[in-house]
Structure formats: structure tokens, C-alpha cells
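Look at the two complexes coming up: subunit A is in both, with subunit B in one and subunit C in the other.
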Partner chain A sequence: MIPASWFVIFAMTVFATAAYGALTRKNILLVFFCVESMVMAASLIFIALAKTAESQIFVLFAWVISAGDTILALAIFLYMMKKAGGVELDKIKNLKW
Partner chain B sequence: MTAYLAPLPLFIGFFAIILGKKEHAAKVAIASAFIALIVSLSGVFLRTEVSQEWFMTGPLGFEFGFQLDELSMFMLPLVAFITTLVFIYSTEYLAEKEDLKRYYACMSLFALSMMLIILSNNLLMMFFAWELVGLSSYLLIGFWYEKKSASKAMRKAFTIITIGDIAMFAGMAILLGTFGTLNFEAINGARTPAALGAFLLLIGAFSKSAQFPLHVWLPDAMEGPTPVSALLHSATMVKAGIYLMARIYPLLETSGLLPILAWVGMISILLSATLALAENDVKRILAYSSISHLGFMTFGLGIGAYHASLFHMFNHSFFKAMLFLVAGMLIHQSHSQEIQKIFFGDKKLALVALVGVLALSGVPPFNGFWSKDQIIEAAAHNHVSPIFYPLVLGATFLSALYIFRWFLVPYKNSGHAHFGNRMFLPVALLSIFVLTTGFLMNPFYEWFEGEAEFHIAGAIPSGAMILAAFVLAYAVFWKGAIKSDAFINNPLGRFVHKALVNRYWFDVLYEKIFTTIVIAFSKMMHTFDIVFIDGLVNGAGKAGLLLGKISGLADAYVVDGAVNGIGDVLKMWGEMFKRLVTGFVQTYMAWVVGGILLLIFFLRYVTI
Partner chain C sequence: MLDVVFFAMASIFGLCSLAMMINAKNTMHAAIYLALFFSSTSILFALMGASLLGIVQFLVFVGGIIVMVVIAIMLGGSTLEKEKNDFKMFILAALFLVASIPYIPAGGETVSFSLAEVSEAFSQYGFLASIAGLTLFSSLVAAIYLLRRDA
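Up next, the complex of A and B:
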């Protein structure tokens, strides 16, 4: 068997990378992808350390919810495209002091 | 028995005159004076004392009491009688257009306060009445106050009377301390000397009776109407001082102040008798004569002739009042006041004037002779000084001389007499009294005679003086033997004349002293005002200004500083924290991530 700890280390690495990416990418779509990636990493930990089937069902719930917020993200992305006319996050700075 | 109610009709009359109409003023005044006369006559030959406690302060009690003894029971009807006659005379003397209400009201006030002086049995009550009398005199002297000379005279009189009042009040306080009471019988009976207190009272008496050196107000008091002069300044008010001296006579005797009385009296006699010779105003001559005769009374009291002086006080009122009323009639018909210009014009008038003149100079059987001669005789064997007898004889000579001059100079002038019965009848009535009151000193009633026995022989030297004076007066004033130029050409005569005309410069001296004091005092007050009062006010202003400046500085630096400081601090913090708001979503996300990491750290590794 592959030890469960390797899955956890792998998931945490993915999570950290995705977090870094969410914070530093200029392209708003890449930020969305990174956020989804963070959710997948978290759900991987759930599956790796599952003792009963409840945790795996919880992962399904997480995927559904993240699908929902993807819809919202795409809506915001469309609005941003209309407003800023580009995908770079640098363009939205209305609330800067 | 009820003679002490005599002031009451005058008191009621006073208010009735003030509140009533002008036409009724004279009638009310005459009626009240007459009722007072009847009431006061009921007290003759009776002795009584009524006293009512007034108020107490600690051990000292002040009473409101009346005393009737020989002294007061003769003066009371005298005052009422002369007041009535003067009122009747005034109805013709004063024209309708004068302010009659004020006149009769003041005269009634005077009469009732004079009666209160006579009736009081203690010094405090007498002092109140004394002040009232001084007030009425002031008001009546300045009756025609629009005239500058009259207003000056009224102020002069009041000033001197006030000096006397202050002295009298101080004397009263000292006597109260010495005796514990102000009742006359108690003070006189105590037989303890109280020289200072009694002397201060004497100053008050001298101011009222116009004795040296407080005599200067009486000649100027002639600015008032003639009936005022007849009532106040000859017959009654000026007697108040003599009356006071008589009331406290035992005290003066025990305190040894009688020689002062004798000297002051003698100086007053000679001073005023000489001044009367240089005076040309008919009323002023009589004023000086009053001072002179009051000096006789003072002198008589001083050498111990108590009863003779009081008898002279009684007689003098009659003939002096009569002479003043005659002078009023002369002024009324001649429209002038100088003896060179006035005239008698009528044998009746000249006759009554002659009666007064002879009484004044002391010719028997007129009343002046009986009392004046007793004083002269007492001077012959007095214990104070041997010089008094020749001096008093000289005084007799001078007084006869000036009064004969008073009569002879106008007698030469001719004119048309013009007077009515209401002026003449009071005068005639008084002349009858002048003829008869001398005989109050008779073997049947001895109070006026007193200790001195009456001798015909004592009358010879004074009679000689009077005769000599008459001869001289006749020669100079009737026949014109010595012309007045003789005086003017002689340097000594010029000096004498100048001294007499300037009234021995007493007036000038007093005025100078008075004005110097007043000016010095006002200068002192001015300095006080500028330095102290203004200093205080300005200082207060400066302090307020300083306070305002400090307040402003506090406001600018402290208050504004605090407020601005808070604002600046907040601004600084705002500048610091605004950098958090980057508008960049990823920074917010970074903060969230960082916060969660911190939270995990605390929950996992920090034990609570």
C-alpha cells in the first residue's frame, strides 16, 4: 500500500502551490483555476484519510459547491471583461486609495 | 394744670395751614396762637411736672417730659402772646402776593418748637426742639430766598447754629456719661462739677443767643421779614440760649463756669453797642441792640444775678418786639430801611416808639429800668472782677446813645404816615405791657427780685449815664453839633469808623477760615478720588483686560492645540492605514491566508 501520509504531503504541496498562484497570477482565469485547485487538494486529503464513506460523500458535496462558485466566478469574469476590457487584474483598481 | 398742652394748638395749626388754602392760612395761624395763649395762661402760678418714659437703652433711659416752674410758666404765655400779636401784625405787613402758607406754617412751627424748648424737662427733648427752632429760623430768614443777600444770610445763620448744635450734642453726651441721665433736676441736683460738658452746652447757648464770638449771624438775619425779626430775633428764639443757661444754672455754678458767662456777656455788650453806633439800617441797629441786651442777661447770670437776668429777659421781649414792629411800620411807609431816610409821620407812632426807646435805655418807670438796674447794681458788688462796674456803666451810656440816635435821626424827617390798625394795635398793646411789666417786681411777688434788694440809690450812676447820653445824642443828632466830617478827617476816627463798618472784621475772619477749611477738605477729597477711587476702577479694568488676554492665549494654545492634535494624530493613523486599501484583490486574499495561518498556529501550539 501507498502510505496515507504521502497523499497528505502531496495534497499540501498542491495546496501551497495553488495558494501561491492565487495570490500572484495576473490573469483572473488563472486565479479561478488556482482556487479550484485548492479545493481539489483539500478534497484529496479528505479521501486519503477517509475511514468511512462519509468523507468521500463530503468530497462530492465540495465539488458541487465549487461548481456553484465557478458559475459565480464566470459571471464576475464576464462583468469584469465588460468593465475593464481585459483579463489582467491590474486593471481593477477602483478601490485603491 | 394742662399748660403743657400749649404747643398742641400750634401743632394742629401747622398741619392745617399746610393742607389748607392760602386765604385761610392767616386766620388759622392767629386762632391757633390765641388758643395756645389761653392754654398757657392756665399754667401761671402753678408748679407741676409731667414725665413720660420714652425709650430705654440699657441703663440709660430717655424721657419725654414737661416741666412747669416759675421759669417756664412766665416764658410760655410770653411766647404765645407775642406770637399772636405778630401774626395779627403780619396780616397787614405782608402783601397778598407773598407765599403766606409757607410763612405762617414756618412761624407756627417755630412757635410750637419754642414752647417745647421752654417746657422740656430734659436735655434730649430740649435738643430736638432746639434743632427745630434753628430750622424754622433758617427758613424764615431766607423767606425771600430769591434775594442773594437773604440766601447768604440764611446759610450763615444755619452754619453758626450748627456749630453750636454739634457742641451741644457733644456736651450732652459727656453729661450723659457723667450723670447717667439728662433730666434737668437730676443734673442740677447732683452737685457734681462737669466743666467740659457744661462748657460745650454753653457754646450751643452762645450760638443761639448770638454772643461773642458766635454773634455774626444776627445782624444778617435781618434779611427776613420784620415780623420774623420781631418774633424770633428779639423776643423769643435768641432767648432760648439764655433759657438753657438758666436751666442748667446750678450745674454752671458747681462747675465754676460763671466767670466765662460774665466775660462773654460783657464783651458782647460792648462789641455790639459800639457797632450799633456805626450802623445806618434801622433793623440792624435793633439787632445789635438785641445782642447787647442778651449780653446783659448773660453777664447778669455770670455775676450771680439770676433772677434779675431772667426778669430782664422777660421785659426785653416786650420792648424789643415792640421796637421791631415799629421799625416794620417805618419801613412799610417810607420804602427805605436807612434811618436817614425813614420818618415817623404820625404823633401816635412817634409816641409808642419813644416808649420803647425809653424802656430800652432804662428810664423809669418803664420796664427796662427795673431789670437793667438790678443787673447794674449786682455788678457793683460782684465777685468776678472790679472792672465790671465801670464797664457796665459805659455800656449803659452806649446803649442809651445808640437808641436815642435811632429815634432822633428819623424824627427830624417828615413824611406822610401810612399804616393801618392791624399794624398799630399790636404795637400799642405791647407798649401798655412795656409800661406795666416792670411792676411784676413788687413786694407782693418776689420771684423776680431774687436775692438782690432794690435800692433807689443804686440807680443814680446809671441814671447819670443815660442823661449824659441823651445830652450827647441831642447835641449831635438833633442839633448837629459835631458833624460826621470830624471823624473822617481824623486818622484815628477813620480807623475806628473802618473797624465798625467792617464789624471788627469778624465776618471776614470767619469767612476766610471757613472757605480755607472747605477748600482744603475738597482738595483732599479730590486727591483721594483721583488716587484711590480712580486707581481701583482703572486697576479693575486692567485686570479684566489681562484676564482676557490669558484666556485668549489659553484658547489658542491649549484648547486649539488639543483639538488640532487629535485631528493630526487621526490623520497620521489614517495615512498609515490607508495603504492597506490597495484595491487589489490579491492583497486581501494574502491577508486572509496570513490570518488563517496565524489562527492555526495559535490553536495548535498555544495552550490556553
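Up next, the complex of A and C:
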């Protein structure tokens, strides 16, 4: 049996790597992919440290919310392609003061 | 021993695909690498005993969300820069990983569901599942409104 700490260490590595990617990449889709990876890492830690089977239902609900934000992120991506003509986050500066 | 081998394979594969996704210049390649990352995490969920989550992740994230992302990338005509990538070894590794899924020793420190428990759990949380469905529906409506509106 694999100790839960192994999964936690892997998930923390994934989270750190994905956080680095989310902070350094300018492509909106890649930032979103990194955020999704962070959500996966958090789910892994949650299940690794869980003691009951109902924790899986909790993670399922978290994934449903994540799917909702996926839909909106893709809509924003398509909107950016239509309006700004590119997907770099530098192009979104209408609210910059 | 076998579960340690699977853990090592899935974790190394997952970290490599995550690193390649972050370094990808082509958005479509990044989406494929993300799908491979999700596949490896689904194997890890199965190793922990959360086989329901492993299956749901494979079906929903890899089969649904990544497909939707790929379609959105094709619709948007995003930056598809020519990137010289040799996928052959990666695809071989992915196929080997997927083919080994039936041999994953299920079970872990998390308590696994039986089919009767799954049915009971979803009937107990049916109201919350309806609310989650409504949340998804509202995000879908918002996405449609965002794309229909001329700013």
C-alpha cells in the first residue's frame, strides 16, 4: 500500500509547477490549463488525506464547479479572439488606469 | 510492489506531461499534454482507492472538457505556431499507461465505494447534485450571452 504522503508530495509538486506556469505564461488558455492542474492537485491532496468514501462526492461537486468555470474561460477565450485578435493577456487592458 | 510501479509510472508521466504543457508554444499541443496529465491523475485516484473519481475524471475531463477545449481552439483559430515536437515516444508511453489500467491494484487508504453505496450516496446528495447542475447551466447561459453580445 502506498503511503498517503507520497500522493501529497506529488500533488504539491504538481501544484507548484502549475502555479509557476499560471504566473509566467501569457496565453490565456495556458493559464487556464495551469489553474485546472492546480484544482487537480488540490483534489488529489483531499482524497489522499480523506478517511471516508463521501469525500469523493465532495470532490465531484468541486469538479462540477470547475467545469462551469471551464465553460466561461472558453467563452472568454473566443470573445478575446473575436475582439482583441489574440490570446495574450497583455491585450486585456481596457480597465487599466 | 505493483502499486508502487504504477504510482511511479503515473507520477513521472504526469509531471513530464505537465512540464511539457507549460513549455508548449502550440495551444493544441498544450491541450493534448493536459489530457495526458489528467489520464495520469485518474490512475493515481484509482491507486488511492477512489476508483469512482478516477473513472469520472477520465470520462468527464479527458473525454468531455478537453474535447470542448480542442473544439474551442479550432473555432478560435488560436496561435497554432509550428512547433517541432517528437510525439512518438510520448504517445507510446501514453498507450502503455492506458493499456495497463486494468492491472492497477485498486484500493488504498481511502475507503472505496461499492455500487450500492454509490446509489445511496447519490440519492442522499440528489438535491446538491441538482444545484450543481443548475450552476453549470447558468455558466452555459452566461457563456452564450457573452458570445452573442456585441460590445
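Here is the rule we use: the second predicted complex is superposed on the first by the 97 of 97 C-alpha atoms of A that agree within 3 Å, B and C clash if a C-alpha of one lies under 4 Å from a C-alpha of the other, contacts with A are read in each partner's own complex, and residues count from 1 in each chain.
The rule is short, and it goes like this: a contact is a pair of C-beta atoms (placed from the backbone, for glycine too) under 8 Å apart; a residue touches a chain by one contact, two chains touch by 3 or more.
Not measured: the values here are computed from a predicted model.
Partners subunit B and subunit C fit side by side in the overlay (superposition on subunit A).
Shared-chain residue A:W6: touches subunit C; no touch with subunit B. When the two complexes are superposed, the chain touching more residues of subunit A, out of subunit B and subunit C, is C. When both complexes are overlaid on chain A, the residue A:V14 reaches subunit C alone and has no touch with subunit B. Of the two partner chains, subunit C is the only one that A:L74 touches; subunit B does not reach it. When the two complexes are overlaid on their common chain A, residue A:I92 makes contact with subunit B while staying clear of subunit C.
When the two complexes are overlaid on their common chain A, residue A:V39 makes contact with neither subunit B nor subunit C.
In the superposition on chain A, contact of A:L23 is made with subunit B only, not with subunit C.
Aligning both complexes on chain A leaves subunit B and subunit C separated at their closest CA atoms by 16 Å. In the superposition on chain A, the residues of subunit A contacted by subunit B and by subunit C overlap at 24. Subunit A contributes residues 1-4, 6-7, 10, 13-14, 17-18, 20-21, 24-25, 27, 29-30, 33-34, 36-37, 40, 43-44, 47-48, 50-57, 59-61, 63-65, 67-72, 74-79, 81-83, 86-87 to its touches with subunit C in the complex.
Considering their complex, residues 3-4, 7, 11, 14-15, 18-19, 21-22, 24, 27, 30-31, 34, 37-38, 41, 44-45, 47-48, 50, 52-53, 56-57, 60-61, 64-65, 68-69, 72-73, 75-79, 107-113, 117, 121-122, 125, 128-129, 132-133, 135-136, 138-140, 142-144, 146-147, 151 of subunit C touch subunit A. By the touch criterion given at the top, residues 19, 22-24, 31, 89, 92-97 of subunit A touch subunit B in their complex.
Residue ranges of subunit B in contact with subunit A, taken from their complex: 578-579, 581-586, 589-590, 593.
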